[in-house]
Structures are given as C-alpha cells and as structure tokens.
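In the two complexes that follow, chain A is the common piece, with chain B as its partner first and chain C second.
So, the complex of A and B:
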C-alpha cells in the first residue's frame, strides 16, 4: 500500500487539521468527537444543514461546508459511518434556532446513527428533519445498504438545500426540496480499478487488468456486472441508459448533468465521458442547462466515473445557481 | 492499459469537445489546429494571455481559460508540445490590440515552438512578450529540459497575470509580473506511481511497490533519488526543505502555499501534506497568507504530490485575489 499518510489511525484527524489550516476562513474543526462546522457557526436566522459519512469520499462532505451549502459535516473513519455522538455534537454546534436538516446517504450504518442523533437533538428541543438519499440505480440492496445506495445526488442536494436555507426557507421547506432532489435525481457508476482502505492495507476487491465493474458502489460494493473494458462512449451509454429509463426522464425535461470522477481518473477522461453523456441526453430530447464535471464524491484513489442526472425546475435551478463559498465548490462570491 | 477513452488518437479532441459542451459559456474550442479561447475572444482593451503544452496535465491549461486568467490555451498530444501553428492561430484569435503574453513551461519543445509562434505573431505586427517558467528545484537539466523544469508556479503565474491583464496593465507590466512570479516561486514533486501515456500503452517508468521518486517531473522524468516509501510528514519535509532553501525564503516573508495532486492522489492525502507543509513554513517564520490545495497541474493518473511556494507582495496578492471565472478556478464572480 502506497499512500501519502503517516498512519491509518491518524489519517482523518490529520486531514481535518490540514483542511482547517488551509480554509480557516471558511471552516472550523472540532475534535473528539470529530466534526467540521462553518467558521461562523451556529447558523444565524436560517436552517442548519448537517451531513456526514465515512471518510474517503472527499471533498464530500467536509469540503462542502461553508456559506450556501453545509453548516456541518461529520467524517467517520475511512468508509465507516460516523458515530451518533459526532452528529449530535455537530448538530448542537450549528443549530441557530431554525432547526437542523440531516442529509444522509443510504447506508445502513449512516441511517441508524443519524436516526439516533436525531432523537438526541429532538430530546434537546431542536427541530430535526432527516432526508435519506438513495439515487443509485445500479442495484437494489447492496453490501451495506437496504434499498438503493446514496451517491452523486448527495452533492447536488447539499448545494441546492444550502441555497434554500440561505434564502431563509423553513426547515420543512428545505427538507421538501431535499426530498425533491432525491426524487428527481439518479446516478450510476463504473470502476476501472479498486481502491485500498488504509487500515486494511490491500485492495477492497480484485479486478483483472482487462475488466471493469459496472454499477460499482462508492465503497467498492459489487455492481450489476463485470465485463471487459469497453470504449468510453460505450461505457457512457451503459451508465446513461439505466439512469434515463429509471424515473424515466422525458423529452423536454431540463436537467443538470454531473460527471463525477472516483478519485483516480484524469479530468481529461471525465470530459470524454461528459461529451458522450451530453450527446445522449440531447438525443433523448433532454435540455442540459447546468452541469458539474470533476471529482466531488470519490472512493479514495479508485479509477472510474459516475454520472448523475437531476431534473431541474425553477426552484432547484435557482438554488443551484445561488452563491456558494466552500473549500470545494465556489461561485458567486 | 485501462482508461476511459475511445482511442488514444481521438482523446485530446474528444476531451476538448467535452469541455466545450460543459463550459460553452466560458470557452470556445477551435479544431485543426486545436486551441481553446475565451468565449468572448478576442481580448477587449486588455493584454491577451496564451499558454499551452502537452495534454495530460488537466486542468492546466484549458481549464484556466476564462475571465481573469488565460485568454487561450493550446493542447498538444499527451505529454507532447503543441505546434507553432496552434500557438500562432490561437494568438491571432485572442489578440485584441494590446499585445500577447506567452506563458511557457520550460520544456525544450514548448520553448522552441512558442518562439517560432512568437516570431510569426510579430511578423503580423502583434506585440509579443514571452516568459519561460522554470520553478522546479529538483534537478538542473532533465529528460526534455535544459535548465529547470516549469511546474506548479505556472498555475500561479497564469492566475496572477490574468488578474493583472484584467486590471488593464500593459504587456510589459504583465510580463514583468509573470517574471516576478517565476523569480519568487519554487516547486518540487514526488511520485508514488507512474502514469501511462495512452498512445504508449504502458507505464512511463517502473517504480517498485515500496519505492517513491523524489523530485519527479510532470511527465515522469527522473527526479533526485529513489527511496523507500516514507511517512507523509517526512516526504513533506523532503519537498519543503529544498524549496525553502533555494531562493531562500526568509523569516517574515509572506507566501502562497500550493499543495498540488498529480492526478491519482486523494484529496484526503493532500490535506495531510498541506498540514505539515504549513507547519514547516510557520516554523521557518513564513506567513502563509494564501493557499491552493487540489489537483491543478497533473500527470494523468500518477499518484503523488508537488508543493509550490510563492513569495507574495501587495501586487501579487492583489492579482491572486482578483475575480476569476474559468472551468477549474473560480472566485469573486
């Protein structure tokens, strides 16, 4: 295992320290329990938004803490859910009187721990709404998930809900917008290589030199099928077809198209994927009015990509466009 | 070789098509010869800035085309200099009457071809200034370079010169600022793995599973030494020490600290490197007032990192902070 780390045990805390050293104007790190909050926490006159999950998916979630997006993020150990006490303490630290929205990726550990944290926050008299993101069309039920997994739509939900909260919407309204993003968003991914969890020290799975895993999960969970490596255009078709047919997206729909890198994929390749994905969307009569291309929800150094599509309406587009200032996403300010 | 491509021959053009599809509001692609320009080219009432080089280092350079940074970028084949006709046509397309600054990384092919292009542009009556970036302290002379290689300071020069040009400075003034960035900036990198050039089909070099290459070049050129894998803090020391002692940076200096990923390195690890690099800078009495952390000048899927430090003054800081709106860097707008 070759990694730029000091030890698997200290990796997450040292990365948090590095984040805080680099972005102290935007975020503040708390340790034991570990969480990251906006530098100006608690949220003033607005709904507070909290997310979190296993580390190894950076910039998700800590890189999305800041004005116009998340108020707090709880990093677990790599590919391991954070604990309820992290979420509870983070929730208290960011709550500014208008309630807390929990955005939860659908993994059994995350869901269970966030539910416990929600109960603890409610017991303190804090209003809480929880939304579980389950946008991955690849498989129903998975290694660590009952139902569909939560993947790329999480990034979009965090941005759009952040915009809605900044605009002063109520907890119920922001939560409903989050549910809408989840209802109108779909994703699927592919892996060309595995990744190595630091405290395990060897690749999560074996993938022969000429094979790919279609429908991979962000922790290396098995997808739909293994197959020989295909040209990028063919791979893009195999990702786009299940996405488009799932809701289904209909001719005339306005969409946001998000091509995500898994961590070890060059940007050059992501643009090759985007080129074909946009052409497929267009051929289906979809109007791609917004997009995002880059590595935003990763699986350590895994090579691969995922595509997320989100149907937009005036509300979702407005809050996507709203100003954001976080370590990993920034525009309008 | 496992890559998300259709064919090595079409990779660069297809990635350009993807970039244009995603960022048509910011950039426009021209083909045969290949170059990318700002959507609102030619430059109006300002100096035009052109850069370029082999592909495989994305987002450098095409991802930095846009308001407040580059006016044009010429992508060569992967790790291969663009040709003089690309640079000449791009220079003509962006020139708006106030001259063209060429920002050139110090590789023999790039320097020769940009010189030819400069002659062609001058023959057309266009005023041209050229600045060669050679900030890599690792080695003197390299596989494709006489003198030091041009690496991370290129990103900073493109941003700062873009800010200066947008502020209306003259060609001579913008070029002098570029020379200052090069004079006050130093870099060094390390590789944990090689990368595979698509049209070659096998890794550029072999690196045993427990070894790293200190002082690596961005095309996999040999560095100073091979050694066993070390803890991240030790690696960071080995990168920072030659940088700090080269100019040397002195106690009290204000600096920008840039921790760059080579393409296949998780952000989590880059923050571990940043943490230690910032601590080392502080221990030397340096004031880190600005920073950049992410994969901005890459070597395809190579795992590794480079550190760049730039001494700031009021002018460089002001133009670093100036608004920028490109596919890969954006703030203030």
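So, the complex of A and C:
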C-alpha cells in the first residue's frame, strides 16, 4: 500500500484538521466526538441539515458544509458509519430553533446509528425529520432486503435541501423536498479498480487488468457483475439504460445529469462519459437543463464513475440554482 | 452450580478485546469478501475501548458493567455492528441490574433480552445471512440445556451450536446488511458478524470453565 498518510488511526482527524486549516472561514471542526459544522453555527431561524457517513467519500459530507448546503457533517472511520454520540452532539451544535433534518444514505449501519441519534435529539425536545436516500438502481429493491444503496443523489439532495432551508422553508417542507429528490433521482456506478482501505493495507478485491465491476456502490465493494473492459461509450450505455428505464424517465422530462468520479478517474475521462450520457439523454427526449461533472462522492482512490439523473421541476431547479458556499461546491456567492 | 461473577464478566470482556484484536485481519478479510472490509477493525476498536474501562468496573454490579460496555460500543464501533452489539448489551444490562453474579437462568434472561434487541434493531430473520443466524439457534440451544441449571453445560452446547450456525451462513445469499448488495455473489462466504458472534459465545464458555 502506498498512501499519503501518517497512520491509519489518525487519518480522519488529521484530515479534519487540514480541512479546518484550509477552510476556517466556512467551517469549524469539533473533536471527540468528531464533527464539522458551519463556521457560524448554529444558523438561527432556519432548518438545520445534518448528514454523515464513513470517511473515504470526500468531499462528501464535510466538504458540503457551509451556507446553502449542510449545517453539519459527521465523519466515521473509513467506510464505517459514524456513531450516535457524534450525530447527537452535532445536531445540538447546529440546531437553530427550526428543527434538524437528517439526510441518511441507506446502509444498515448508517440507518441504525442515525435512528439512535434521532431518538437522543428528540429526547432533548429537538424536532427531527429523517430521510433515507436509496437511489442506486444496481441493487434490486425489496422490502425483504436492505434495499438500495444511497449514492449520487445524496449530493443533489444535500444541495437542494440546503437551498430550501436557506430560503426559510419549514422542517416538514425541506424533508418533503429531500424525499422528492430521492424519489426522482437514480444512479448507477462502475469500477475499473478496487481501492485500499488504509487500515487493511491491500485492495478490497482483485480485478484483472482487462475487467471491470458493474453496479458498484461507494465502499470499494464488488459490484453486481464482473465483465470485460469496454469503450467508454459502451460503458456509459450500460449505466444509462438501467437509470432511464427505472422510474422511468419519460420523453419531455427536464433532468439534471451528474457524472461523478469515484476518486481515481481524471476529469478528462469524466467528460468523455458526460458527452455520451448527454447524447443518450437527448435521444430519449430528455432535456438536460442542469449538470454536475466531477468527483463529489468517491470511494477513496477507486477508478470508475457513477451517473446520477434527477428529474427537475421549478422547485428543485430553483433550490439547485440557489447560492452555495462550501469547501467543495460554490456558486452564486 | 457454577455462577458467573462480576469479575468473570469483566474477564470475559477483556478476553474479547484480545480475541478481536487477534482476529482483526481475519474478520476484516471476511467482510472484504462480501462487505466493506471493516468488521474486524470495528470490533477490535470497540472492545479495546470496553476493556479500557475495566478499572471503572471494580466492585460494580453486572448491570452497570453491561450498560457501560453498551454505551462504549455504541460510541466507538460504528457500522451496523455498533448499534447491534450496543443494543444487545444495553438490554442484557436491564436483566442484570444490581446482580453481582449470574446463574444459568439469569444469563438466559440476559441472552433472551439481548437477542430480542438485535431483532428489534436489525429486523433480520433467521436465514438472512447475518449474526441472527447464530444468535437465534444459540438462544434456543442455551435455553433448552440451561433448564437443569448447569451454566457450563448450557454454554458448551451454545458454543457448539454457534460454530455450526456460523458455518451454515456460507452457502446463503444475504438478504440484510451490506452483503445483500452482492445478491447471488454473497453465497459461498462466511458472514463476518455471524463469526464475531460465535467468537463471543466461545469466549464466554472459556471464562465459565475457569
């Protein structure tokens, strides 16, 4: 393993210290329990938004803390859900009197830890709404299983809800917008390489030079199927088809198209994917009115990409366009 | 008949810290195959934190020891196993409040409450390829053989059943937890949580025999 770390044990805290050093104007970090909040937290008179999850997905979630997006984020160990005490303390630190929205990616650990934290916050008399994001079409949905993973739509939900909260909407309204983003957003991902969890020291799975894993999540886990490497256009088709047919998106729909890098894929390649994805969307009669291209929800240094599509309406578009000022996303300010 | 004293319970928790540290790479390896390669690290981190609390356990009742362990696991393990093992010990604490030793029947009540907490938190059923595949038959086996009050005999039976039950998760397709994302590809692998649960029972037997 070759990594720019001092020790696996101190990795998360040292990264938090670095973030604070770099972006102290936007965020502040709290240690033991670990969480990141807006520099001006608690922002009074608006709904507070809290998310969190394992580390290794940067800039998600800490990089999205700031005006117009998240009020707080809890980083766990690499690929491991944070713990309820972190979420509880973070929730109290950001609560500005209008309740706290928890945005949770659908992983068993995250869901259970956030459930416990929600109970603790409610016991303090804080109003809490929880929304679980499960947008990954690679996993078959079923009430008998853990269901679909939460992936790319999480980034869009955090941005759009952040805009809604800043506009003064109520907790219930912001939560409903979050549910709408989850209902109208779908994703699928592919890996060209595995990734190495620092405390493990070797790649999570072995992938021969000419093979890819189709239908991956964001935890370096193998996907649904392994196949031979194909040209980018072909891979883009294999990602776009299950997304488009899932809801399904219909001709005439206005969409946001998000091409995400998994951490080890250059922007140069992401644009090749975007080019084809946009062409496929157009061929289906979809109107791509907004987009995002870059590495925003990653799986350490994994090479690969995921595509997320979100059907937009006036409300979602308005809050997507709203000003945002965070370490990783910034516009309109 | 043998009982488990407060200090035996503390020895058990310390033994678990050693076992999970020793088996860290092994459990994480199991999780790498069908999960996200963190189960060993999660368990080692959590039980090391519990063992570090040992000085506070001096002269305390088992309810206190279990409750402190539960809160420690909840705040240090993370993942799915943190809330699961945390809830297990929290409910076991409810059945051992004020007790400074556990009879076979007392331990049975702790196990029963703990397993009920796992079901309530994780909502998995037998055959989903999770730690429940171990805990449900272990509880049945323990209850059946603890009826005559012999703690060591009941734990011996429970430990045997735990090992077989953990191995029986290998051919299953996971329906809960991270492994379920793999669908059919999850078959052919031992469930890491089932294995860590089996180690936990086996360690309790080791302590009970001393």
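The criterion applied here is as follows: the second predicted complex is superposed on the first by the 328 of 333 C-alpha atoms of A that agree within 3 Å, B and C clash if a C-alpha of one lies under 4 Å from a C-alpha of the other, contacts with A are read in each partner's own complex, and residues count from 1 in each chain.
Going forward, contacts are C-beta pairs under 8 Å (C-beta built on N, C-alpha and C of every residue); 3 or more make two chains touch, one makes a residue touch a chain.
Computed from a predicted model, the values in this text were never measured in an experiment.
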| request: Considering only touches as defined above, state whether A:17 meets chain B (first), chain C (second), both or neither. | output: first
| message | Just checking: does A:5 make contact with chain B only, chain C only, both, or neither of them? Give me first, second, both or neither. | response | first
| message | Output check: A:333 vs chain B and chain C. Expected answer is one of first, second, both, neither. What do you get? | response | first
| So which one touches more of the residues on chain A, chain B or chain C? | B
| Does the superposition put A:84 against chain B (first), chain C (second), both, or neither? | second
| query | What residues on chain A does chain C touch that chain B touches too? | reply | 78
| remark: chain A residues touching chain C in their complex are 33, 54, 76-86, 107-109, 112-113, 115-116, 138-140, 144-146, 149, 197, 199-200, 204-205, 217, 219-222, 224
| query | Of all residues in chain C, which touch chain A in the complex? | reply | 28, 32, 35-38, 41-42, 45, 74-84, 121-122, 175-178, 180-183, 185
| field | Contact set on chain B toward chain A in their complex | value | 2-7, 11-12, 14-19, 21-22, 55-56, 58-59, 63, 78, 192-193, 209-210, 212, 229, 231-233, 235, 263-276, 278-279, 291, 293, 295, 298, 300-301, 303-305, 327, 330-333
